[in-house]
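Here chain A shows up in two complexes: once beside chain B, once beside chain C.
Let's turn to the complex of A and B:
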């Protein structure tokens, strides 16, 4: 259960709308079911009071929405950002993707968000979901009410939360947390430890489920190109004969390369994947390698930082040293 | 659709020996866009070029592919040929079927197959080529020489002699560099000061040359022909234009205990000083680290004794910005620190000295007035041991020394040994060496004289340890030829320390975007054919900043660098390279990644108004490339996520087309 109540968000947003500080509010709204909370733009106190939702399903990261929303009018946009969302926010500012002056950021502490798939798997015929401190109560159509441990339903990115600290905000609700010492690279290390054949099989198993719906790209706060190379006929990537039956991998590998040094590890790609492909692992591998080769670097920790990948210092290691320092499979 | 002509060269048998050139010409005539395909014995000959010109005119060709040697060899030739026939020179592509094909393959079928593939790739590229026009930029007719040693002085004099203004920036209070510290010079033994100081005077009196001594370069922007350089003029607390160099202040200054760096700390100078009698500019400088007036505000003796009122304790560092067309780097060298070579007891005994210290000990203007005396007790040394290659050719001890040969040590050691034996016939002089390397005009004769006429004991082998015992230095060494251990009780040990580039070179290289090797020597544009140019256009190299050099070599390189500068400054306009980066503003995200990776600072961002499809006007932040600064390296094109950045003449599409043609 989240520390700040929904009403606190509604009150704050309504007040800022009323005094003219902001013209619009980016927040969460209930979808068709309790668990499919979706992003929404609110323009009146009535809408806020009726529809705004703040619960364990508010996983969506609004940073990327600001590019379009800030262009729509001269008024400021109010955005609620969880700690991990602020990293994407800063990274987008580093890349000059929107005007900071047009945004009013309210930081909200986050107790971790639930994995919708885990919730759906744990109960059939979900009618409604209520939160009760560390328990989740699921009302089902067939089996009555189920009470589950909240911890068992947390999303992977929240189990391995990298930071409870807001790196950007105009105003903070509640207390700010700290950068955490997470075990988020353990799974990457496990994949690195596989033989090349095992690893290929692992990724083939995962990536061949891809249906190229582009959800990962569309949600990714690092994927903000005016025209994506995959949509651009001039890039020469279209209409090529498939070189093998496992072409889906190329989309994901190219995408991982394009966000290298810019990915904040917000985990949105894996959250929105309808095929539950652990796409964040590709990006984490890059982050792990950058940390290993060039010293620890967290994209979005501050505005204007230079990713080691587009920076050069005389201390940078030479390619042969990189091979020596990486594991055999690097 | 292009109308492409293909011209396959035999290059005598160079290509035709391993490639069936007729088959290549035949195969390529069916490629898309190709209207004519011919082969000829020597395409680069007059007849071959005429053949191309005629074909262009007869067939109204819009692009040509020449299958021949490396583009480095004849691309310029064929571009001129095409231009003469009215074709844009950038519509020419070279398929390298010699260096990358006929020369590396042994049998005709493989060679032919590969030549056809390379030709197809070139045809695929020409199909996407567009005519390019190089831009022009003006040339600032002034040169900057960084470093005022013999290299910088000679370069400046030669440039000034051709009528162009030159500025010299020197970090020390005086120009002259290392040569001013030397006693005699090999192989003719004329005194260094006698040949250097007239040049220093020449440069000082030349109205085309300005000397910024006690100054350093702090920022460089711009590009060939149009550099803008910020020079920091350090406060010397003495007004340069007023000081007469009378030296009265340097005699009266009460702060007498300042190590004299000109004599390598072997004697003391005052806090206000003129480095040496022939210094240029001959003006005093106050050392702020030792001046009591500057440190505590109590003293002011120099100000009182100065008859012209040149002292200014309030002076501040000043920055001036100047424009230059060309920059010459002449930052020179230093001997490496001997601290890590403890086996030679350099830090334990004053009587273990470096060769440069010996130069000062033998110099009439040095701490001993030119009499060779032991630094420890001022006694006359009888047994002198020279150790060669201290830190040079040190492959196994890279953390201590240098892998390279410092080149000058064999000769100066022979010189030192000879001079000592000449002046003090009662001495025994030993030289321990790995090899004696004397490949220069009259160099080997010089070394033979040291051995045969002056009786210097040359011993092949290295010194293992020097240990001070009493007033002697116990030298333990091996004689590799006789195969025995030697123990010598020496009075003086002289170490031929390796030389390394000056420490200022590395930050300077960053400012100039000039490349360096792993030893911090500046890299030349081509080791044989462009030895005095750096790969960065408009930056030239003079003297030991490019590699170890003796004085004759330095002076000849200085002259060569000057001639390159003169050649550049003679031009009124420079033609750029049209193969530069170009940003597709509609696709540009404004993310600044390209700006970050650009090594030349050629990319800037600007907010531009765009008319959107819905007729609104939107202000977007987009990249723009300064075509005069861009060197066409392509770093931005690979860093750009959206592919908005493209290199003209080498677009992503052209490269992909080539790859596709090869893979087909």
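Let's turn to the complex of A and C:
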């Protein structure tokens, strides 16, 4: 259960609209079902009162929407950010993707978001979902009510949350948290421990399910190219036809390389993948290697930092050393 | 009508697979998928497969033909393989209807012979839905989950599978399986149908109406201001179009192999910026127009060209998979006027 109530968000946003601080509000909007939440732009207090939701299904990260939203008018945009979202926010500012002056950030503490796929795996025919401290009560269409442990339904990125601390905000609702000691690299280590054949089989099994819908790329706050090479007919890489089984891997490998040092590990790619491919593992491998080779670095922890990969220092690892240490890890 | 005890289901599958390739929905860690039956495979109880069965007739990519270039001559190489007979088991009513939607596109003149070849060789065994999901709204489009279409229609109860042949193809297959099945009356199936219809009436989307949409309504909906708000957070990904059993748009791509050309057909998505790009550029410049295209096609353009038939079948896949939870139901409720409040 989230600590801050929905009403606190509605009141805050309505007050800032009323006094003219902001002209629009980016927040989560209620849908047909309790787990169905849409990112939306709100313009009036009535809309906020009617449709804003703040619950365990507000996973969507608004940072990337700010690129488009801040261009729309001169008014400021109010945005609610969870701790992990603020890292993407800072990274986008580092890359000069929008004007900070046009945004009013309210940080919202987060108790972790639920994974809709896990919820659906536990209950068929969902009539309603209610939160009751550390329990989730699911009313089903045919099997009565189920009471489940909230912890068992948490999204992977929330189980392995790296930080409850907001790295950017104008105002904070509730108390700020701390950077956490997460176990987020354990699964990467497990893959590193595989033999090359096992590792290939692991990724083959995962990536062969990819339908190239591009949801992972389009949601990614680090993927903000005006025209992705994969959409550009002039690039020679534009390709909707996976003519052989390597195509999907190439897409994911190129994408992973392109977000190296910029991926904040917000987890949006894995959240949106309709095929439940654990894409975050690719990016985490890079983060782990950077930490290991160049010292710990967290993209988006602050505005303006230079990722080790684009920042030369005389202490940098020599390439051969990286290869040897890479081998030790492999 | 014939029946077989569920205890003998494996024998039934083995008998089908002895002569035709049999595909069954099977469970994986990441949801149900259609996979070829082999000894030991079990039928999934999931309502729907993640990918729709349109893959069987309209695969995501397909090598249409090759061209071999030698000097000034070009040789055309037909790469198509004659399809072998196959059986798809357990197709839901919504997905069976999707084949009719695809047929009207690919089998009207000029007939798409690639599609037709697969369609001619496929036998569809459908399955009634005893446990519809909250995202199901097939009934909005007049589809009866209790009485699917298909070559053979199945009803599965606690202990028995009932099979009823509806077409010649179905009768031929069922006749071949007659040693394993026995004749029975329709009472058990009728009881199940009553239960299904009772359940369908209680679904959260049971009252969703399509009556405001349909043929010749283009001007009524095309310029509606709501498209802007509906599409405002759309990511322009292809998830909704690629999981949809009825989305049928494709692109044709030529790859230069150095000594010739490989020509592929692949799914396209109206949500993509390169969709229907022409020499003069693109006629849908922003996501508002791309988004509108998808829903206008399902609810207005397709019915206009196809005797009023909608090209959404209410399977709910896009409801389940859209990363931002925007979907056809929300579009219908926003634009659909009187009946949808």
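Note that in this section the second predicted complex is superposed on the first by the 319 of 330 C-alpha atoms of A that agree within 3 Å, B and C clash if a C-alpha of one lies under 4 Å from a C-alpha of the other, contacts with A are read in each partner's own complex, and residues count from 1 in each chain.
One rule holds in what follows: a contact is a pair of C-beta atoms (placed from the backbone, for glycine too) under 8 Å apart; a residue touches a chain by one contact, two chains touch by 3 or more.
Bear in mind the structure is a predicted one, so any value in this text is a computation, not a measurement.
*Asks:* Check chain A with both chain B and chain C modelled on it and let me know: fit or clash.
*Replies:* fit
*Asks:* See if chain A has more residues touched by chain B or by chain C, and give me that chain.
*Replies:* With both complexes superposed on chain A, more residues of chain A are touched by C.
*Asks:* In the overlay, answer first, second, both or neither for which of chain B and chain C A:311 touches.
*Replies:* Only chain B; A:311 stays clear of chain C.
*Asks:* For A:95 in the superposed arrangement: first (chain B), second (chain C), both or neither?
*Replies:* A:95 contacts chain B only, not chain C.
*Asks:* Once chain A of both complexes is superposed, is A:225 in touch with chain B (first), chain C (second), both, or neither?
*Replies:* So A:225 only meets chain B here.
*Asks:* From the overlay on chain A, compute the angle at chain A's CA centre subtended by chain B and chain C, rounding to the nearest 10 degrees.
*Replies:* One gets 120 degrees for this angle.
*Asks:* Just the number, please: smallest Cα separation between chain B and chain C in the overlaid arrangement, in Å.
*Replies:* 5
*Asks:* Of all the chain A residues, which ones make contact with chain B and with chain C?
*Replies:* Shared contact residues on chain A (touching chain B in one complex, chain C in the other): none at all.
*Asks:* Can you list the chain A residues touching chain B in their complex?
*Replies:* That would be residues 71, 94-97, 224-229, 232, 234-236, 258, 306, 310-311, 314 of chain A.
*Asks:* Which bits of chain C are touching chain A when the two form their complex?
*Replies:* Residues of chain C touching chain A: 30-31, 47, 50-51, 60-61, 63, 131-135, 199, 202-205, 229, 232-233, 235-239, 242-243, 251, 253, 255, 262, 264-269, 272-274, 277, 319-321, 323-326, 329-330.
*Asks:* Enumerate the contact residues on chain A facing chain C in the complex.
*Replies:* Within the complex, chain A touches chain C at residues 31-33, 36-41, 60, 65, 120, 124-127, 141-142, 209, 211-215, 217-219, 231, 233, 238-243, 271-272, 274-276.
*Asks:* Please name which positions on chain B make contact with chain A in the complex.
*Replies:* Within the complex, chain B contacts chain A at residues 506, 586-593, 596-597, 605, 618, 621, 639, 641-644, 652-653, 656-657.
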